[in-house]
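Each of the next two complexes has chain A plus one more chain, namely chain B in the first and chain C in the second.
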Partner chain A sequence: MPPELSVVLAVVTAPFAVAGVTPLLIRSLGEKTGYAGAAVAAFCFALLGTQYGSEGTVELAWIPSLEVALRFYVDGWALLFALLASGIGALVFLYSPAYMHGESGLARYYAALLAFMGSIIGIALAADLIAIFLFWELTSLCSFVLIGFHTDDASSQYAARMAMLVTVGGGLFVLVGFLLLAFVAGDIVGPGTSAFDLAAMLDRPDEMQTALREAGLFVPVLGLLAVGAATKSAQVPLHFWLPNAMAAPTPVSAFLHSATMVKVGVYFVGRVRPLFASLEWVVLFATLGLATMTICALLAVAATDIKELLAYSTASHLGLMIAGFGFTSILGAETGVFHLFNHALFKAALFLIAGIIAHETGTRRLDELGGLRHDLPVTAFLTAIVALSMGGIPPFSGFYSKELLFEATVEASHHHDLGPLDWLYPAVAVFGSIFTVLYSLRFLALFFGRQPDSLDHVHRPPVILLVSPAVLAALTAVVSIDPELAVRAIVQAGVDATAVDPGAHEMHVGLPTSYSPAVGMSAVAIGSGVLAYPFYDSIHRSIRSIPRAVPPIGANWWYDAITERLTDDGAWLASRVHNGLLRTYATWTLTATCVLALAGFVATDAAVPPVGFDPASLTGLDVPIAAALVLSLAVVAGLAVVTADSHVAGILTLSILGFMIAIFYILASAPDLALTQLVVETLVLVIFLLVVEEIPEYYEVSLGRVARDAALSVLVGATAFITVLLTTDARPAGESAIARYYTEHAVPEGGGQNIVNVILVDFRSFDTLGELVVIAVAAISILTLIVMRSRGDESSVAIEDAEGGSANESHESHETRGESE
Partner chain B sequence: MSAFVLALVVGALFALGTFLLLRRDLIRVVWGLAIVSQAANVYLLAMGGIELGGFETVPILAGHGEGVPETTDPVVQALVLTAIVIGFGMTAFALVLSYRVYEEHDTLDASELGDRE
Partner chain C sequence: MTTVIMRTTARIVVPIVLIVAISLLIEGHNLPGGGFIAGVLTSTAFVIVYIAFGLDFLERGVLGRDVDPGKTPSRDRVVVAYRRLFTVGLAIAVVSGLVPLALDHPFLSQSYIVLEGVPLYHHLEIASALAFDLGVYCVVVGGLLTIISVVGAE
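Up next is the complex of A and B:
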């Protein structure tokens, strides 16, 4: 069944449309806007539900000339992700009004949250590389606004900037990867299909891979996309932005961590998996994922804040999914898809529970919390389900997907020759899982043990806050009891879409009934975790001591070092090139222009004399005496301007220069230019003299810079000299077609014999109108500068008259030209 | 006519204008601006191919209807004409701005003005 374009478009655009009108909703609904958001999310969820079981591509033309379209591809994997985003989105919106009660800036909050959800649904469904990139960066922008929600809080700003820098930076890697991919795909997907069509590429994975390898682009594209996915999905060593992102309001964290932002990378890795499945893929993603899983599990144990613990655990679980997709076997796809599904449910619930705890106790510190089961019994019950699922304890849902990972690690060596990685992968997976069990138990322990004395006023949460986590916990419970139900409903379809050889396998999960290596691994991981739990505090302390002893081991340290260095260097550079002095700006601009122009000539070999170049033509003997005289007089006048020691002398010599140029125009067969130049020069002379009369002489005082200025002037002059030589030389001989056109059409169409005038007032009259506007604006500005001043005196009035008159005259000079035809 | 001589003149004018642009006296900066725009105009005209001559080459047609002669490039002339007028507006504005700056700050020293920011 093919999907329907109208439905898909409605799902993608509805969140953005409502985001646009959020300020109006806030005005009429106030804090209840969250429920409207929930309705939008539920609407998207329901519409997506109608597409259940459909598969295919629909598209809406966007930039046809570049073959870019709003192309959407619906299959099991896309639907799974889009349904999670909208479903959990609805629960987060439902939770928000109570949690955000009394906060300001709700319009921004809900608008960004809606746009965020829309972008995620967009990524899930988009099949055009350009559209994917667009939505990809939109999620980064929305998350920036959401993480930085508390705009006056420094840590919030820091976290938002960090998330933006890392994820947008990663997006740029993705863009380059996409362009390379499209470059190769152009020949494969064939004419009639856009080179940006990801769905078409996924139809021919083997041909794509062969073509990429032949072009030598397989590893570069894989690496670029991996960097992008790793930044989004917080893989080591780019994981550090995710724990900082807990500065966001808790509903945002729940959304960001469970079903949206960080899953985008995983989703995308699953999406392109069939294209890239190979030994390189296994080594890259399995290693990346397992390293992240282990390191972030360790960091989660070291966390002191409940949200920090959950944030590191998210990164760790993302590592698990990436590792799952990293293994090319069908088990790998099952791990990735099923764990993404399970994690979305339990992690959203856990964050919402963390929000309830923070809301009701006023603290998020692990060591200040405990024994909460007395005050929050319902929450405690919900936490038990989801925390044990997170820990992968049977029979909770996380157990099943983790079992699949263990099986995939064990079986990896059957598919590829991995050398020592063969046993290292299972070992690392078990080692990381021990810590997963540890921090899951630690989170659950918030509700048990003795209640610290500082916690004396724990309120019962309002029912509305409990609804969302309860729904999620109930779903987790259902998956725990009957995992096959979830598999049949949605997971199998996702597995089919991400599998390397689709349709070959039917997925089965359940409690193990006999011994297998994976069962043994689970037993070791859970057993060690439970046994090590009594020593949690000492493990916690020893992990914490490592980054304190060696700061550069933390990725955050590198981020801080690099950004601080860049900021300092930027400030230093600005003080050099942007110091408020005119001459500094002129120096940098002119030097840069000259260097770029000369470098351009050198790079294109333009400076090499062409074949048949006659050096004799450079001797300049063919210059008529009159022109030579006029031009040399102009240069001499220019020299006199430079060396003039009074303003009056300078102005007079400047005028000589201008009049010489005017005479040159006469010699060069340009009578109109000469006329205009004569008028303009006369006016300039008058204005200069009028102004200078009011200004005392100013003599250059510092002579120290003359040499430097002269050097720069010579550089500029030399560049101009070379440019003129090269460009006039490169000009094709004879009349240009455009000049011919104007010459021939001047009389029949313009009705005038002076071609220049006809061009100005007829063919290009809008240009002339623009020019007149410039002159008029200059005249008005001059008037304003002189007249609108409290300290006006007689002389300024005189100048005003001269200016007003001159502006008018220049208009008139145009008119006379027009009339002279 | 020889591109070499033209290039030499344009280069010299650009160099002189640049030197003036870097002065501390604002009035001299305005002169520099004026010289640089003159040089740019000559360069632009040179791009059209300069024909020294008289009646034959001037882009004005002698009469209606007859064969259309080949003249110097009228397009660059139109462009330069516009540039001259705009350059005039710019020079006048820069000059009056300098004058106003002098009235406000009692100095025309660009360095001193920069330090006040």
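Up next is the complex of A and C:
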């Protein structure tokens, strides 16, 4: 059954449309806007439900000239992700009003959350590389706004900037990867199909892979996409932004930073898996995923804050999914899809529970919390289900998907020759899982044991806060009891879409009934975890002591070092390039222009003298006497400018040069050009005369500066000379086609005899419009710079007023000092 | 530079310059000229006034308003009118480009009509491009005069 374009478009655009009117909703509904958001999310969920079971591509032309379209591809994997996004979105919107009670900036919060939901559904469904990139970056932008929700908090700003830098930077890698992919795909998908059509590429995975390898682009594209996915899905060593992103309000953490946005990388890895499946793929993603899974599980044990613990745990579980997709067997696809599904349910619930704990106790520190089951009995019950699922304890849902990973690691060597990685993968997977069990038990222990004295009175949470985690926990419980139900409902369809070999494969999960290596691995992981739990505090302390002893081992240290260095270097460069002195600006601008122009000539081989250039032809130059006279007068005026002994004399002689050029234009029968030159020359002369009164009569100029100015003048002159030579030489002999077109069409189509004017206002009026905007912008910026200069800093205005008329003189003398430095 | 010679010359020259500028604007489609040249020429006329009579002359002498003398550019100078002029000009240019869209032609496409038997001219062409050119003129005059009056007041 093919999908319905109108339905798909409605699902993607509805959240954006409502995001646009959020300020109005806030005005009429106030804090209840969250429920409107929940309604939008539920609407999307229901519409997506109608597409259940459909598969195919629908598209809407967007930029036909570039073959870019709003192309959507619906299949089991896309639907699974989109349904998760809208479903969890609805629960998070339902949870938000009670949690965000009394906060300001709700319009921004809900608008960003809605726009985010639209983008994530867009990523799930889009099949056009450009559209995927667009939605990809939109999610990063929304995440930036939401992490930095507390705009007056420095740590929140720091976290938002970090997330932006890492995820948007990763997005740029993805863009380059996409462009390379499209470059190769052009020949494969054939004419009539856009090179950006991912669905068409997925139809021919083997041809694509062969073509990529032939072009030598297989590893580069794989690497670029891997960097993008790793930044988005917080894989080691780019995982550090995720724990910092916990500065966002908790519903945001539950939605963006556990259930959906961070899964975009995983989702995309699953999506392109059939294209890239190979030994390189296994080594790259299985290693990346298992390393992330283990390192982040260790860091989660080292966490001191409940949201920090959950954040590292999220990164660790994302590593598990990436590792699953990294194995090319069908078990790998089952691991990735099923764990993505399970994790979205239990981790979103855990975040919402963490929000309840923080809301009711006022603290998020692990060592200040304990024995909460007396005050929060319902929450404790829900936590037991989802925390045990997170730890992968049978018979909870997380167990099944982790069991699949163990099987995949064991079977990996059957498909590829992995060398020592053959036994290393299973060992690392088990080692990482031990810590998963540890921190899951630690989170559950918040509700048991003795209640610290500092927690004297814990409020009961309002029922509305409990609804969302309860729904998620109930779903987790259903999956735990009957995993086959989830498999039949949606997971099987997702596995079919991400499997490398499209052959039908029935997926079966359930509690093990006989011994297999995977069962043994699970037993070792859970047993060691439970046995090590009594020593949790010492393990916690020893892991914490490592980054303290060796700071460069932490990725955060590198981030800080690099950004600080960039800031310092930027400031240093700024002080060199724009230091407030006009001559510095002129030097940089002119040098850069000349160098770029000359480099352009060299790059296009234009600088090479044309073959058959005959110096003798110069003697035959046919120059009218009048033109020669005018031009030599201009040269004399140019020499006089340099030797003029006062500013006024210099300006007047300079304008002689300008007027001579105008006369030359008249001689060359270009009256419009001459008129413009004359008028502009006059105006410039007058403005110069106005300004010259303000310039000091005489100032000291050092020899080095004179040398620099002379070199610059020679460079500018040489560039202009070469440009004129090359451009006039390159002009085709006789009348070019475009010139003929203009001459022939000016009167009948433009209705004007003045071709220059007809070109300006008719044939190329769009250019003229652009130039008009430039003039307007220049005027506005000068107005802003000068009139509003004094407004920003009130104190400087006061000083200037106190000094009265002398302000200008002191300003000048300051500039003079600057010149002579 | 506010000498008697300068003032007397300005009195004679400025009206001529303005008329030439306007004729350049209107005739620009068929003869040398156009919105840009006319705009720059008009600005030059204003600049001559500024030089001959001082920055406050337009306000005090022509418009009869009262302003504080001094060097700081204030918000109630003619600058406001200039600023409005280039905004209006940009609007004219954009609207003249949008009208063809409403008539199902591409953005900024132009046309013209020929009128016969008009007094004095007999044969007159009216090009829609004139509206666009008027926009160009207004932007150039407004933009340049804004810049000049603000910088000149410094």
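The working rule: the second predicted complex is superposed on the first by the 662 of 821 C-alpha atoms of A that agree within 3 Å, B and C clash if a C-alpha of one lies under 4 Å from a C-alpha of the other, contacts with A are read in each partner's own complex, and residues count from 1 in each chain.
Operating definition for what follows: a contact is a pair of C-beta atoms (placed from the backbone, for glycine too) under 8 Å apart; a residue touches a chain by one contact, two chains touch by 3 or more.
No experiment lies behind these values; they were computed from the predicted model shown.
K.L.:
Looking at the overlay, does A:Thr682 come into contact with chain B only (first), chain C only (second), both, or neither?
P.N.:
A:Thr682 contacts chain C only, not chain B.
K.L.:
Let me test your reading of the model: by the given contact rule, A:Ser713 touches which partner, first (chain B), second (chain C), both or neither?
P.N.:
first
K.L.:
Chain A residues in contact: does chain B have more, or chain C?
P.N.:
B
K.L.:
Quick check for you: in the superposed arrangement, does A:Ala592 touch first (chain B), second (chain C), both or neither?
P.N.:
neither
K.L.:
A:Met1 in the overlay: touching chain B, chain C, both, or neither? Say first, second, both or neither.
P.N.:
In the superposition, A:Met1 contacts neither chain B nor chain C.
K.L.:
According to the stated criteria, A:Pro671 is in contact with first (chain B), second (chain C), both, or neither; which is it?
P.N.:
Both chain B and chain C are touched by A:Pro671.
K.L.:
Check the residue A:Asp762 against both partner chains and state whether it touches chain B (first), chain C (second), both, or neither.
P.N.:
second
K.L.:
I'd like to know which partner A:Val219 touches here: chain B for first, chain C for second, both or neither.
P.N.:
Once the two structures are laid over each other on A, A:Val219 reaches no partner at all.
K.L.:
Thinking of the overlay built on chain A, is A:Ile786 touched by chain B (first), by chain C (second), by both, or by neither?
P.N.:
both
K.L.:
Between chain B and chain C, whom does A:Thr727 touch in the aligned arrangement: first, second, both, or neither?
P.N.:
first
K.L.:
Which chain A residues come up in both lists, the one for chain B and the one for chain C?
P.N.:
671-672, 676, 680, 683, 687, 691, 694, 753-754, 756, 760, 768, 775, 778-779, 782, 786
K.L.:
Under the definition above, what is the set of chain A residues touching chain C in their complex?
P.N.:
These residues of chain A touch chain C: 671-672, 675-676, 679-680, 682-683, 686-687, 689-691, 694, 750-754, 756-758, 760-762, 765-766, 768-769, 772-773, 775-776, 778-779, 782-783, 786-787, 808.
K.L.:
Please give the residue numbers of chain C that touch chain A in the complex, ascending.
P.N.:
Within the complex, chain C touches chain A at residues 1, 24, 28-37, 40-41, 43-44, 47-48, 51, 71, 73, 75, 79, 82-83, 86-87, 89-90, 93-94, 97, 107-108, 110-112, 114, 125, 127, 129, 132-133, 135-136, 139-140, 142-144, 146-148, 150-152, 154.
K.L.:
Can you name the residues of chain B that touch chain A in the complex?
P.N.:
Contact set of chain B toward chain A: 1-25, 27-29, 31, 34-35, 38-39, 41-43, 45-54, 57-65, 68, 70-75, 77-78, 80-82, 84-93, 95-100, 102-103, 108-111, 114-115, 117.
K.L.:
Applying the document's contact rule, which stretches of chain A touch chain B when the two form their complex?
P.N.:
By the definition above, chain A touches chain B via 579-583, 586-587, 590, 617-624, 627-628, 631-632, 634-635, 638-639, 641-642, 647, 650-651, 654, 657-658, 661, 664-665, 667-673, 676-677, 680, 683-684, 687-688, 691-692, 694-695, 698-702, 705, 709-710, 712-714, 716-725, 727-729, 731, 733-736, 738-739, 742-744, 746-747, 753-756, 759-760, 764, 767-768, 771, 774-775, 778-779, 781-782, 785-786, 789, 791, 799, 803, 806-807, 810, 814.
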